[in-house]
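Each of the next two complexes has chain A plus one more chain, namely chain B in the first and chain C in the second.
Take a look at the complex of A and B:
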């Protein structure tokens, strides 16, 4: 037995189960996803074809639609989530510990359920029938009726609305914790100068929360890139005329319904690059960040 | 105003429960009734009689439970080694693990499917469980926590002649209880709600976890919203109960890096 192994045997033994599972089911699969994206892999086999899959994707109108829908969903939903989380957390801050705990739990409770289940409820709310709840509510103020998930123009809107109308409980919890740890002196100084509540919030609170905001931006963006269950359930996996198709939905159907594994892997690589780009951007802006 | 916002965000859950408890004629009533007139368990009776929902729930408890158990053991072991022990390759290994934290899981979906097919684990419980053991959030969580524990107790135990395993088992593990609780809740919730991996890996509806089962109900009962909402309610209630019991750990889990909504 080599000396190193005898000395460090226990350490390697402690790491072994997790690390070997990680190598087999995460590390090698990521590498293989890249390899498959350069192959014509399908149910009947495949060979190396260079960047042909990516060329196919660049010209495929359905993939472009999926990319566009995913980006649009992400931009709108993430912006709404950040603003909602920030405003709600700011509003519960003055309420004292006990109430803060109550509200954090209240806003987080709807999020313990699965994406499938949540999407089923929204499908029911946005169903195009006269007994659909969204249509009734909007009808009361003279709007509609809308076809929602039954129409290629309105299906994506219904999917986006379903996400925007959910208070982002995770963000509320993080912002709320961050606000509680802000230094009181700055606010006292602002009070001396006679600043109003909005000025204090906009000039002190919001800038000081920048690290939390950046962190949430990255997490929410990467999560939104992965949108799948919502469209799978609400619009039967893509909606009329692919109105709600997204990248992950298209990966799923391309690979597991049509057996074009190579092409689907190329899409997965695009998704991977998008996620890494967002993470890198965050690191950069954190490094150039002015510390308060 | 906040209370109103809170109630609005709870509304979809309320609407789900209300629909599941409403007689069929109320479900399609125009306009819909937001306050119940009449409640019934007919939908629940039909659901339990015509679908394998109980089987799906049992499958989910088994799959999520086994994955959680292994994570508690393996992640605390690895977290301990990364936090407290010195060995060649430690930093490279930990760096590799952490660098995959932001990789979307769907990137590995097709390769994992191929691996499971090669070793004949498609459509089996181990096929769903094994890939679930590879996610590394727990290693990160345990390492961060164990780092904060004082090293004197370990040293004292070693001087008393404890083996390395005993140091982990009798010193580290008991002291890590708060982090283990967070990890348990976080992991169980994650795999209770997992969808795309089991959807791809399992074929036999008798083996489905409840989320995949729910999605097939969607095909079967299409516009029978009473039935669909009842299925959703049955899947929601256990998780909501877990939340009320262990609320503190859910909130703590978000703060240590588990934001998902």
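Take a look at the complex of A and C:
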């Protein structure tokens, strides 16, 4: 037995409970999903059909629409949330310690709300009737009324807007903490060189926040790929003419309403591969040796 | 923490009490995740000699202790049945309407070959369970067969065997707001009958903006119906349920009538995503003059004391198109599990017959307080009368069963509907496709799924 194992072997005992739970409740279900994706599976069992489910997906226009909607939602929402979180955190940063804490809490607290409740509020905001809040507000300046979630042309836009207009509290807190830990000397040196606030922000703050940005990018991308409840509540599932259908929404209906567990698992595998691929790309393009 | 008397209870004392209640509940009859109204030991001497049997009944939307209609009627049904059959002990399990409960049924019945002895079911589930050999044939006499609505009985027939007892037929029809009709000088349809043209004309007149800017719409439906596609004689399937026919000239013509309502803007702008609760609330608040909903809404309207039947609201048939008078409806069923235990199976059949038969309505009406068992018109002629006795509006609804089109059970219908038919319908209603183009595009995928269901 190697010396290292003799010396640290017992420590594996400490991680065993957590690792066991991880295996039972995460690893095995994921492996089972991969196995199911190769089967024509229903609730009573299934038979192996190779990659037939994936071929079915490739020819399924509803899946292609769900894929397109999910990607569009992810690209717009993640980009917007990262920028918003960074800007808000940067605006908080010059405030005093107490004010910083207040604003961090202010932006973070809405996260504890039920996602369903939040989606219901957005459903009312983007109600196509004149009494919808967005139409009422826009009507005051002579715009609209718009059909929002009542139209296949505008429903996805409404869902995206609802996500974009929700300031990402988690991102604000993380960026805010990261900004506070940046070395002051760099800013002092920039001051000596006569740099303005925007130059300092763009040339010092943003580059040094790369690790935080990478983390948020990966997390927000995965969360955006999993968009479900917002679409489900705001647009009664897939919206008019399936305009807002997303992959997870389609997985839900395919598995639990149509009873096609194999096909739903194949969709989940596609989503998993997409998430991994995007995460790898993000790591490769944004990884840096930032040290301070 | 304060008790009612004002004395203080310590946290330890509180936890002890909770533990004691928990232990008592765990030992009590009917304890379990959703165990509910389990009847006690057999009582009465009349059937004291009968062999005691315990059976389990699964009822959708049953929530122990709640006041919802399914719970009140289920508890009443168990109590009344026990008075007739004291040797049979019944336990009820429930779950909300929706995919989660459907899956619970599927896993128990199809995967574990366990679960209920008798259960409430709907739609394509009946044939799915029958195909898996999990349903026991209903032992019906010829007279009983003739007593059931033929299309409801057809919906529960699998390989020439009746595999479930039709419970009720839930018709969809029009609710009309008489206050708005009076305000706009529109005459309500005589005897509830109107043609499509009369209906459209009324909907146009009833669509208006008030002086305060509030918009009223003539007509709305919650986003879960295809009724208009039936009015000219269109049907989703042929008689044998082998061929998809919802792209026939009659179905296209029906959809054109529906599209005309959208084009005339007599429906609210969110009609494609309007959910049933919102639709009902807006009907009651006077924002919608004619609302297409099922019979269950009668109780919702009756709960509002200010909104009186025949004074503020009335019901009317679907507008009549080129075809015969029709209505759109669904059916509920009571099914009995196939099993080795003949006593349990026999008791389950007795209970299923009771739940769908003519005795249960009067039995529950005699209770204190009386319970309205029939939430929709019964699927048996001999049991149908009492539904009409509950309320004058229900008396009218009871007559609709004769022309209600019951959607045949096809286990892939939800996939046809959600993935293909509904988006196509939306495209037509939005004016992005013609009705014919939209329905023709659905036909191939729908036929494939229908063939799969018929395999």
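Observations, loosely collected:
Here is the rule we go by: the second predicted complex is superposed on the first by the 257 of 292 C-alpha atoms of A that agree within 3 Å, B and C clash if a C-alpha of one lies under 4 Å from a C-alpha of the other, contacts with A are read in each partner's own complex, and residues count from 1 in each chain.
Keep in mind that, in the parts below, a contact is a pair of C-beta atoms (placed from the backbone, for glycine too) under 8 Å apart; a residue touches a chain by one contact, two chains touch by 3 or more.
Fair warning: this is a prediction, and the values are worked out from it, not measured in the lab.
Touch criterion met: A:237 reaches chain C, while chain B stays clear of it. Once chain A of one complex is fitted onto chain A of the other, the partner contacts of A:121 are limited to chain B, with no touch recorded for chain C.
By the touch criterion stated above, A:199 is placed in contact with neither chain B nor chain C. Looking at the superposed arrangement, the partner reaching more residues of chain A, out of chain B and chain C, is B.
Contact with chain C, but none with chain B, is seen for A:150 once the two complexes are overlaid on the shared chain. Once the two complexes are laid over each other on the shared chain, residue contacts for A:180 go to neither chain B nor chain C. Of the two partner chains placed by the overlay, neither chain B nor chain C lies in contact with A:285.
Of the two partner chains placed around the shared chain by superposition, chain B is the only one that A:136 touches, whereas chain C remains out of contact.
Applying the stated touch rule to the two superposed structures, the overlap between the chain B and chain C interfaces on chain A comprises residues 127, 129-130, 252, 256. Residue ranges on chain C touching chain A, taken from their complex, read 99-100, 102-103, 106-107, 110-111, 132, 213, 215, 223, 268-273, 275, 411-412, 414-415, 418-419, 423, 426-427, 430, 432.
Those residues of chain B whose C-beta lies close enough to touch chain A in the complex are 1-2, 5-6, 8-10, 12-13, 15-16, 19, 27-32, 73-75, 77-78, 80-82, 85-88, 90, 93, 96-97, 100, 102-115, 130-131, 133-136, 139, 164-165, 168, 189, 192-193, 195-196, 200, 211, 214-215, 218, 223, 225, 228-229, 231-232, 235-236, 239-240, 242-243, 247, 250-251, 254-255, 258-261.
Residues 4, 8, 10-12, 14-15, 17-19, 21-22, 24-30, 32-33, 36, 88, 91-92, 95, 103-118, 120-122, 124-125, 127, 129-133, 136, 139, 165-171, 173-174, 177, 216, 218-220, 222-223, 225-226, 228-229, 232-233, 248, 251-252, 255-256, 261, 264-265, 268-269, 271-272, 275-276, 279 of chain A are the ones that touch chain B when the two sit in their complex. The part of chain A that touches chain C in the complex is made up of residues 42-45, 62, 127-130, 145, 147, 149-152, 155, 235-242, 252-253, 256-260.
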